[in-house]
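Have a look at these structures, which come just after this line.
Both complexes below contain chain A, partnered by chain B and then by chain C.
And now, the complex of A and B:
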């Protein structure tokens, strides 16, 4: 039995890149899904639910990231994350996104 | 086994387990743990994370943080603390590399920070600062525990630290601390002063101590030769135990001198007083045959406990010291805060050159409520015994007059409430700046006594920071300039017929005693454990020899020549001391 898998490539277009606040928004959003989500930048792949790993990707403006999700809600996860990146992380600070954590 | 050479600042031999203390801004040294200590370290980590999270939650909820940026910083900290892969990286390091929790925290966070710092993008490289913040937040909890540990010791230890601050040493449980070894510091650093007053060995300026301190090892602090041995082998340890025994026997012999008078072979009497920081140290003074307290350093009341002392705190401390010495003189020096001794609470400016800044009497004259509280307590205690007050760091007559005027104000207040005090309480000053030494004649007209504080006098005259290991070798009481100033002060005091004592480090330096007597000093105030040894020197010399020595020294032109000459003379009369 294979779990649904979705993948997409996005480009970071906000000037500050995946700086603390955007990284936090990204991680918070990823944590609202049950799927396993990873992000690759060049040849490094990290867990999208870890703030440490995401910030260490050091994705600057113009970086291309590949988001990969595996799980029941993988499709919705990819869609939401793509939207966040493409909207240049507009729409409130990370702190406002909420604290819900995946288990 | 590792042998390190530093500067010996307090004599004696200590052999005990090491207790490592780090200050908050300190790069945490790599220290190993035993496999059996893993779970304990992991437990400490878990607690540090939990406490840090609770702390952040409190900050976040308590503050109505307007600024988005600040709120974001706290939010990022929180996410890091809750990030399981982050925590796992740290616990993995503890488990696999067998290092302490604080080292793992520091190493991992610094690795992350340097990763950011190395990226050529201003937004990202700035993140390094956030990471250091997280490091500090966790370390506070991990190291805070250590400070508590040192306040509740159960076994004998020697303290290993980068440098010791008055705030740290004030909290030590002195019964179990057998010695100090520090990476920084000089001959008259705080570590040295505290070690001497406790009568325990200390070695400072050892350089990096962190490299090899294995778990469950023993450390030898040799305060006679300035050597620290980490994890000694059997043979070395046996030799040191033997040596320590001989030392104890020598000290026991000195104690027998306790009730004999401190006088030269040709009958000139010298008064020996003790320097103290805490009232219970008065017992050590008396036990060593001291004739009173020549310097009661009261600033430790301010550095202890974390809050400003009340008038009652002052009064009960003074009353205890006075009660212990039973009618013998007690010279209370008003607080000498500032420079390296900052109060826990209360106002103090940020200074670029604190040694030349708002310190000591200058601080008191600006922080009047603080000063008056202390003076009230001293005056009230003055009826309990032979109490004298002494103002530190007086540089000119105007400062002395100001201080005395405030003392009179406080007396008038006490009169109003009919509180008894000794209106004739002697008021003296410390001579510890070139300015006051050069104008001692003027100052003598309005002082009851002088006490020469050689540590600051040397620092200000030679322009040498005594705690800076790069120049600390230039710090010498044997410099002709220093001796000339001291001579001047002694003469002016004698001319005016006022009391004179020396309370700096030289008063307990065996090599200087004969010279000081020859220069006309008849009162010394020193670290209590050194009293018997100094007495032995006094009893072994004649005043004639001392005068001759002083005359010779006055013709010499370098501190090295003087020092060598003094050492030879002292070795001739008391070889066991050296």
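And now, the complex of A and C:
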């Protein structure tokens, strides 16, 4: 039996890039799904559920990330993570304290 | 980028005097300041900024390490300082475990890419079980410097 697999490419568009706080939001969200989720940037692929690994990606503004999910809720996971990145990580916990939001 | 390019080796604190997060942050910045690496900014001002950032979201990412950091307008080049604690520090870590190794990083406000590259270098190495173990077992500054140099030579 093959498990559902979903994949999407997203672009990091917040000027600060995927620094620690957005990376944490991403990891927190990824952890709400049962699927195995990985993220690739250039030739590096990491576990989307590990903050240490996600911060290793050094995804600057303009970086393209490939999100890959395998599992029963893979489709929903990809959709939610895509939305988080496309909304430039707005609205999450601790977002934009004293920072200007991207226009 | 190599760890030795970012970390001020002279400022390493092998045995942190305090077990309290805020005092540890201040101790590390005073050590950086003593070696003229705070790039003209008062270490206590930086300490307040790092603590404020830390209060917004903990950088205690688990496995006994924390990476407190702040971006400051007067900082032109990322600089880090390492501190080790035998007793452990409460950093409100994600895994609720004490922190034994602290990598404190100062980055330029105007260059987020440089900050990300420095973070990448630090995390790439903290990922390694051996590196974390060597840092935790290190008894003095020299042993920490050796662990850093070994990690840099190891490349990945």
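Here is the rule we use: the second predicted complex is superposed on the first by the 93 of 103 C-alpha atoms of A that agree within 3 Å, B and C clash if a C-alpha of one lies under 4 Å from a C-alpha of the other, contacts with A are read in each partner's own complex, and residues count from 1 in each chain.
Note that in this section a residue touches a chain if its C-beta (ideal position, glycine included) is under 8 Å from a C-beta of that chain, and two chains touch if they have at least 3 such contacts.
Note that the structure is predicted; figures quoted are calculated from it, not measured.
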Touching partner for A:30 - first (chain B), second (chain C), both, neither: neither
Chain B versus chain C as contact partner of A:16, first or second or both or neither: both
Which of chain B and chain C A:81 touches, first, second, both or neither: neither
First (chain B), second (chain C), both or neither touched by A:60: both
Touching partner for A:47 - first (chain B), second (chain C), both, neither: first
Chain C-contacting residues of chain A that also contact chain B: 15-17, 19-21, 24, 51-53, 55-56, 58, 60, 93-94
Residue ranges of chain C in contact with chain A within the complex: 56-57, 59, 61-63, 67, 69, 94, 112-113, 115-117, 119-120, 123-124, 126-127
Residue numbers on chain A that touch chain C, as the complex places them: 15-21, 24, 51-53, 55-61, 93-94, 97
Contacting residues of chain B [partner chain A, same complex]: 68, 71-73, 75-76, 79-80, 82-86, 89, 112, 115-116, 119, 121, 123-124, 127, 130
In the complex, chain A residues that touch chain B: 15-17, 19-21, 23-24, 27-28, 47, 50-53, 55-56, 58, 60, 93-95, 101
